[in-house]
Amino acid sequence: MSEKLQVAVAGIGRMGMRHARHFATLTPRAELIAVCSPVQAELNAAAKEFPGVRTYTDYDLMLSEEETLQAVVVASATTVHAEQAIKAIELGLHVLCEKPISTSPEISQSVVNAYKTSLESHPLQKVICGFSRRFDASYRDAHNRMVTGSIGKPSVFRSQTCDKLDPSGFFVAYAEFSGGIFVDCSIHDIDLALWFFGEDSKIKSVTAVGITAVQPDLRKHNDRDNALGIIEFYGGKIAQLYCSRMMAAGQEDCTEIFGTEGKIAINTQPQLNLVNLYEPSGIRREIPADYYGRFREAFITEANEFTACCLDNTPAPLQLESAVKAVAIGCALQESLITGKKIEFDESGRRVEGSKL
Amino acid sequence: MSEKLQVAVAGIGRMGMRHARHFATLTPRAELIAVCSPVQAELNAAAKEFPGVRTYTDYDLMLSEEETLQAVVVASATTVHAEQAIKAIELGLHVLCEKPISTSPEISQSVVNAYKTSLESHPLQKVICGFSRRFDASYRDAHNRMVTGSIGKPSVFRSQTCDKLDPSGFFVAYAEFSGGIFVDCSIHDIDLALWFFGEDSKIKSVTAVGITAVQPDLRKHNDRDNALGIIEFYGGKIAQLYCSRMMAAGQEDCTEIFGTEGKIAINTQPQLNLVNLYEPSGIRREIPADYYGRFREAFITEANEFTACCLDNTPAPLQLESAVKAVAIGCALQESLITGKKIEFDESGRRVEGSKL
Amino acid sequence: MSEKLQVAVAGIGRMGMRHARHFATLTPRAELIAVCSPVQAELNAAAKEFPGVRTYTDYDLMLSEEETLQAVVVASATTVHAEQAIKAIELGLHVLCEKPISTSPEISQSVVNAYKTSLESHPLQKVICGFSRRFDASYRDAHNRMVTGSIGKPSVFRSQTCDKLDPSGFFVAYAEFSGGIFVDCSIHDIDLALWFFGEDSKIKSVTAVGITAVQPDLRKHNDRDNALGIIEFYGGKIAQLYCSRMMAAGQEDCTEIFGTEGKIAINTQPQLNLVNLYEPSGIRREIPADYYGRFREAFITEANEFTACCLDNTPAPLQLESAVKAVAIGCALQESLITGKKIEFDESGRRVEGSKL
Amino acid sequence: MSEKLQVAVAGIGRMGMRHARHFATLTPRAELIAVCSPVQAELNAAAKEFPGVRTYTDYDLMLSEEETLQAVVVASATTVHAEQAIKAIELGLHVLCEKPISTSPEISQSVVNAYKTSLESHPLQKVICGFSRRFDASYRDAHNRMVTGSIGKPSVFRSQTCDKLDPSGFFVAYAEFSGGIFVDCSIHDIDLALWFFGEDSKIKSVTAVGITAVQPDLRKHNDRDNALGIIEFYGGKIAQLYCSRMMAAGQEDCTEIFGTEGKIAINTQPQLNLVNLYEPSGIRREIPADYYGRFREAFITEANEFTACCLDNTPAPLQLESAVKAVAIGCALQESLITGKKIEFDESGRRVEGSKL
């Protein structure tokens, strides 16, 4: 085994701390050496949990001080993902950037551009966007089966990312910067659609509708708590999306890929574990309360595979360009959700005039 | 028990014969007395299976000759549903008309109008459209639970009617007169949406996309073999539909109703029966091959409840007006499927200009 | 269709009334003409539900008065099953006798003997014991698959009949005459074991243990509320039984047949219908509250097939001799349950001395 | 974080290598420093996979040479478990011994005795037997629920350990030293019964039967390929076991605990992951091929918790005495399986005379 990858995590809120843990204790080939956050309380918590790991309130300072640093995990607020990623890229560091790269396709593209430029001088550099589902054992099993032809030609895709109802109002505040429910939640489903249909799939149109069934205040941020979307791709492929913040039982993320000769369903019968409870009211099982409950193992695999590709200079497990495409589709869906208009694209990817705002 | 309802079945193709059987042997309070069909072979088969039942090649002749006739089941080709239903209605007969009443909303409305007129002189007359799912024990259980508040306010609806792949080309020929996949298949899901959201729900918009993944010849009849649709209703309710002719495993009809406090799922884990097979390739279960395999019991309940409401003059189990609304929505979806346009409606139900063809 | 089978039901308690309904309204080829019960209130209820059906307090009188009677359903208390069955048999009537024929193997055999004698003068006579699971669609599917070789040689059998907890004390009173939990409940599982392993299977040993977890008063009738049993058959076949009166969620009857090349499981995931409820506490489904909720369709099939074999003189759907064997095995298990002794049999079916009480 | 626990693995066959991997790369607080095996090829494989880890053909030599050694994982052949464990114990080392400690209750007890003696001079020493299911998230969830009263008083227990059919003949050779199917497989279920019923449960009787359905050669080692057992405990608790080497689909390990107020079922619907395949033959899912596929995460948790209790001197996650009791019950079941006799125990744990061989 080679030396351990020296990793820093930028942003150690809830998800950032999880990344820090994964790299500190569950990724044998990596070593967590530093974390940064503008929030001192978060740094204190990290210092306590990870003795010896250096803490910074300033991202730039961390980059300049940590001379052995090889890789940065960007898990800060979405609004600074791109800026932090680009800074690390320009230093030749490997980057694992949380999704979405940005809520703007243009800014997302700028990260790709920075990477392309940097690759010229740092040909071994790896930059990926953390689409955790790509690392999930069930999604991988499904993808492998599809690739080996078990369902014929994949033609229809259905996927949903549905969060448990959080009556605290968290999602209203969150919506101000999240980019909207299609960019925040459905980005995963869009990424999966691209993965299953082919990352070179050309988008033909998007349409979306939505409501605020439980949190009307979302409207002030042009967001909704339940939304339905349809994506058409050139070449006879269509996708149906549902995103929600209203689930009672827990996280309900599931996907179906319908092919000309069969279907693969992932997590259409969600469950917390292998326990069933037989009670006077019937048979009951619990389901994960949030996406981390569902995808924890995938995040750990992500940390390990990212580490391995950096250390071994093997191909990255996913392509950064695809993440930009996912943002662009998510933004188009979000726009359609708000304007009520169907948005069409020609085969070169340009929006058709009549469908513009 | 009162006298038995005297029933005739018009159209004794596959589904008509099933109706005939249900009334002849599985509806204790009904008696099948006559059947008609333009196809002599069908009449021969019926004569053999139902000794004593009179057979007719001519519908009008049957109506005039059968003096004791009380009720007609219209199970003929969709193209003559309305005409046959109106003739029976005008004679004061009870009518159970297979879905859809017609592939045209206007013609469907004409049946409602005929019924309204006839009711003035035949106040006990019952006319229903056979939306079999309304009689299914699971859908009824779901509806009862929703009505009693177990999921809060129903807000999002997902439903699909997906047929097993039939490589014979049957569906291509069938598409010429079926009204299209949204009118033929999704009509059930639309009816369920109206049932769960309220039959007075006002439609706001429809959008649809589709492909021909397995039967490109459907395009010559302006049809598709897979289609996705979204329906918006005024008042913050949205519905997502999927219809298909491409399922590998069998009939996949399922529905989910998402409320503000919970969700009800119907048949999201389809199965033929209670058997699971443990084989070297894993655990396997079969699913019904067609809608009749899934809904046979519902059809029998339909026959019995239709009979009971006719004999006892109790309220019909469903309202004819709703069936017209379902056809109108199905036709709008089918139009959107072909034109690629989103179709919008104002609160009075009129199409918004810009959305017209 | 031929004339309708003229049927009387003896005993119209809860299950008897269900039989009466099945024959009166759900068996097109049968006609319910009479019922008898020593309980006048039951007769009144029947008279109201089945106008025109004659009622009797005396079984013998019914047999003598009903000159057109062709078949008797014996659904009275278990203690009079055999006596009533024999009386009907001796008159040449067809008989459908509820399980068990008797709680005594000897008395059960006497019914078979009476039938054999009667057959000499009434060669078309049909007498069956109502093992309802033999008529269940899932069990039949399982049996068909096994017979056609899909699991290799069936070798291990697991089956359970587990009733919902009834805190009313009903089962304590019931235990006085039920023959015990193995004769009352497991008789079905034993019959299934014989059906799946072959009705000519030779019993080698039985062992049983049990407890009174919720109803200690059962001990005064030498009964238990939970019991486990093992049956060994000659030829390398073994069976595991569980019977209980303590289930929280409802009726839990399931069966597994393990063959050398596969396994078939029946109802190992019990459910009331196709509805799943997503609630803050998780995903929930209900299950049938009692055996009738699980097997109603099977009872109706039983009524129709019994009727058909009587009218058409086709082979009976199950053999009476097998029912005697099931009682004998059930009694041996019950004896082992109480004595704590393993009971062994030689290949001729005789008990091995050392294992006697 | 404190210093890392210095660990050696004795025996690096299939399961030993897995333990080595868990400690080397998936247990952050442990460091694998040495392995031993009499098989040079195994040592070569380990040397390649774990650079820097020292390899030994001789267990004693390893113990004497590895001066920093703190803990030994005994994963060698069952026949040397006890001997190797005792040697490590006597040196004051922590020990994680694979199950069973021995196929003899007396030898198993000698390990406990050695541990008790050693504790006097090494009060911080931890010795556990690796019952992996105790570390499984689903079993733990079930146990927690039971402990907090969600099913009332646990009264009936059903559990099975059923291996996938291995036509290679492996299990025949293996049976020579395995102690038999009840000691090798059901030991887990017995341990679970003790865990769920209370480790102080007093055994009252055992009975077992078995067959050789697929591997008749097992008889030469007094073993069977399918066996059923019943365990009675004093105090009104009973358990039903099934062990098999004949499953077609894969590993089928499941458990049910029936309480007076509810039931908990673990893995009664086995699955490999969250994928369902919809194919022309129905809906299919795969299941784990072996116990490691089912319990891998539990083994990793075991490694981490064993490490933590050694480093932090916290209570061991399970008690060694219980493992001796499990072996004693397993041996009694195996004896009953072969002799055909029920074996009874008095409340002091002594065998009742009449039940002896």
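Lettered A, B, C and D in written order, each chain numbered from 1.
Rule of thumb we're sticking to: a contact is a pair of C-beta atoms (placed from the backbone, for glycine too) under 8 Å apart; a residue touches a chain by one contact, two chains touch by 3 or more.
Chain identities (UniProt): A, B, C, D = Oxidoreductase.
Since this is a predicted model, take the numbers as computed values, not measurements.
**Q** Looking only at C-beta pairs in contact, point me to the busier pair out of A-C and A-D.
**A** Answer by contact count: A-D.
**Q** Tell me, please, which chain's centre (mean of its C-alpha atoms) is farthest from the centre of chain B (Oxidoreductase)?
**A** D
**Q** Roughly how many whole angstrom separate the Cα centroids of chain A (Oxidoreductase) and chain C (Oxidoreductase)?
**A** Inter-chain centre distance comes to 57 Å.
**Q** Averaged over CA atoms, how far is the centre of chain A (Oxidoreductase) from the centre of chain D (Oxidoreductase)? Could you give it in whole Å?
**A** It comes to 40 Å between the two C-alpha centres.
**Q** Hey, what residues on chain A (Oxidoreductase) touch two or more of the other chains?
**A** 247-249, 252, 261-263, 268-270, 272, 278-280
**Q** Would you tell me which residues of chain C (Oxidoreductase) are touching chain A (Oxidoreductase) in their complex?
**A** Those in contact with chain A (Oxidoreductase) are residues 247-250, 252, 270-272, 278-287.
**Q** Over in the complex, which chain D (Oxidoreductase) residues touch chain A (Oxidoreductase)? Could you list them?
**A** It is residues 1, 24-26, 28, 51, 137-138, 141-142, 145, 150, 261-270, 272-280 of chain D (Oxidoreductase) that touch chain A (Oxidoreductase).
**Q** Taking the touch rule as given, give the residues of chain A (Oxidoreductase) at its contact with chain B (Oxidoreductase) in the complex, in rising order.
**A** It is residues 151, 153, 155-156, 158, 205, 207, 209-214, 226, 228, 230, 232, 236-240, 242, 244, 246-249, 252, 258, 260-263, 268-269, 340-342, 344 of chain A (Oxidoreductase) that touch chain B (Oxidoreductase).
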